[in-house]
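In what follows, a structure is listed as structure tokens, so that the remarks can point back to it.
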Amino acid sequence: MNLQNIPIKIGAEEEYSIGNLRALFTEIATHLERLMRDGASGSIDLNSLPFAPGEYEQLRQALGQGEVSARIEAIGPSELIETRYPGVWWVTHYNVEGDIVADTLEITIIPEIIKSQPEDINTGLELLRARLNEEVQQ
Amino acid sequence: MNGHDTLGERLAQQGISRRAFLKFCAAMASMMALPPGAATAIAEALVKAKRPSVIWLSFQECTGCTESLTRSHSPTLENLIFDMISLDYHHTLQAASGYGAEKSREDAMKEFFGSYLLLVDGSIPLNDGGIYSTIAGRTNLDLLQEAARGAAAIVAVGSCASFGGIPNAKPNPTGAVAVSDIVKDKPIINISGCPPIPAVITGVLAHYLTFGELPALDHLGRPTAFYGETIHDRCYRRPFYEQGKFAKSFDDEGARNGWCLFELGCKGPTTHNACATTKWNGGAGFPIEAGHGCLGCSEPHFWDAGSFYKPLPAPAADVTTVAQAAAVAGAGAAVALSALDRAKRKRAQQTREKLTVKDLN
Amino acid sequence: MNPELLLWVRSTGLQIAVAVFVLGMSYRILHLLMLGRKRSLAEARGSEWGGGLRTMWRRSFVSLALSPRGKFTVVAGYVFHLGFFITFLFLSQHIDLLRAVLGIGWPAMPRGIIDIAAVLAIGAMIALLVHRFVDPVKRLLSGFEDYLTWTLSFLPLLTGFMLLRGIGFEYVTLLTLHIASVELLLVAAPFTKLAHMFSTFIARWYNGAVNGFKGIKA
């Protein structure tokens, strides 16, 4: 068979699945139950899962987009969305080149990375105080 | 050397926010194949970590390992790792060369004696006094032994340094050996692969820098976080293997439907590495996903373990010729001994020997 | 387990085992044939080869009622042998090996059938061993060689099944054990009753031939 005659399939068909998604949903459900019962957060590292071609996109479609989306710029962008299942957040960290450096599902009230950090608040407070002092002096 | 203050101090100096630092720790946790919750522990440890000196020695190698490491990642986050270490010597990457460069290596080794991290890629040739690979007139063997003396730990990067690699393949004309064949009294971690996945190299370095010790190792000295499972264990084509759906040639129907590549020589079942999950080129894919069987490049003697294109059950040596020779020898022996036996029987008949129980046994 | 060990059993170990097996078997069988038979000077009444081939075929179907070995032994023996052959000859990984050594291959059977065949063969072997202990006649007749050949035949089946299902140890360990157990079987075969794998058919032929010569339908 000629190399030219081999058809090229871009991406993958929707039906291609090796059952990863069902297992993943079960795990997410377990985490949600724990969140409700004990208030304990959980996370799933998507980088470590062997997705078949197309399954990652299927996961995106299945989890969908909820009411919240956030973007952080800290040494490259980070994107957070709450999926259509409240409490299930999809957190993706990118470096400045746009490669994914961390990709997790966090089952929590709010992901840690969004919250303002005490050290940064302190630094900001000092800057604000310095600014107020300047204005007073003028 | 002034750059050896803690990471926390350096980050504050560079104006990096705590949130950015947490993002970096999340990336590190993912890189080290730790559970995502470990990012907090990493943050606590890293803030206090001091920058250790790192010496990188390249021996009988193709530079693929250095290429893999420097090619893969993008600048800033991974550069933080290199910002976290003080790479005091790397003859390929550094701008300096000549006596000055060698002297700075010697100075670093003296100042940080007992605490620097030694990274080695390439095998060490031993034949003919080790002359097949030298730097500045000194043999690799000599350089390794000297550098190992003051090292806190040694990281053998790539299959050549870990197991001898391609130079070690039959007939091994240079007498190439692994680092662990020469250094016996220091902790050695083998990051095998030809080349290793770059994320694995940086993950191990990150682990050492964060926790100050080498991660858990398997019986071949490889970190179990990345080499604990085989490609086969995590291969997305595994369902096809279990169902017996194998591609028979490289562009047949089965191959195009993504069937298992076992019959096309995939060594996935006997190869320990993280290719099936961590993947290559920033997670773009790995050989099996691209339609080619695993070569087994992170295992010892992978080059001598049978053809890359013959399935795993096929022998790794010539059995057919041996069988033919054995058949000829057996037949020959049978002919010879039968002739002797027939002569014995004829003689017995002629001399009218009596048949006894002994003859029937 | 050490990957160097796996490499050895796949190369040198296999060469040694195959050499001993082929040399031993070809010597034993050829020697047997070349010792010859006493020539009968009578006139042939029927065909030797006709009788021989016919008996080879017919002896494969044993009359349970007439067999002196007992129904259990015959049935269990058949289950073991059939299961063993199906597993050995029709599992695709084995066909890969034989194709690499002999140059020819053939289609494989579905994994489900192989699994059933393997389990039945293992079960039959265990049952046969138990029977060998429990039945007083068999126990009296059994010696070291019987238990040795049982073990050498059982280990490849057991390790193979564990390997395919991933039971107990990791793949590299199980593969090494499986190949090593097969090599032990190959090395021992020419020197024990396992040579029956070739001599059985020769013996059946001979019985048929002797009778066929005399014109008897045996």
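For reference, chains read A, B and C in written order, and residue numbers begin at 1 within each chain.
Rule of thumb we're sticking to: a residue touches a chain if its C-beta (ideal position, glycine included) is under 8 Å from a C-beta of that chain, and two chains touch if they have at least 3 such contacts.
Fair warning: this is a prediction, and the values are worked out from it, not measured in the lab.
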Central chain of the complex, centres being mean CA coordinates: B
Far-end chain from chain B, centres as C-alpha averages: C
Cα-centroid distance, chain A relative to chain B, in whole angstrom: 32
Chain centre separation in whole Å, for chain C relative to chain A (CA means): 59
Chain B and chain C: spacing of chain centres that average the CA atoms, whole Å: 41
Multi-chain contact residues (two or more partners), chain A: none
Set of chain B residues in contact with two or more other chains: none
Interface residues, chain A side, partner chain B - complex: 1, 3, 6-7, 16, 18-19, 43-45, 47-53, 72, 74-76, 78, 93, 95-104, 106, 112-113, 116-120, 123
Contact set on chain C toward chain B in their complex: 2-4, 6-7, 10-12, 14-15, 18-31, 34-36, 92-94, 96-97, 99-103, 108, 110-111, 170-172, 175
Residue ranges of chain B in contact with chain A within the complex: 16-20, 22-24, 26-27, 29-31, 33, 35-37, 73-78, 80, 234-236, 238-239, 251, 256, 258, 276-278, 282-283, 289
Chain B to chain C touching residues, read off their complex: 219-220, 230, 232-233, 242-244, 246, 262-263, 269-270, 299-301, 304-306, 310-320, 322-323, 325-327, 329-331, 333-335, 337-338, 341-342
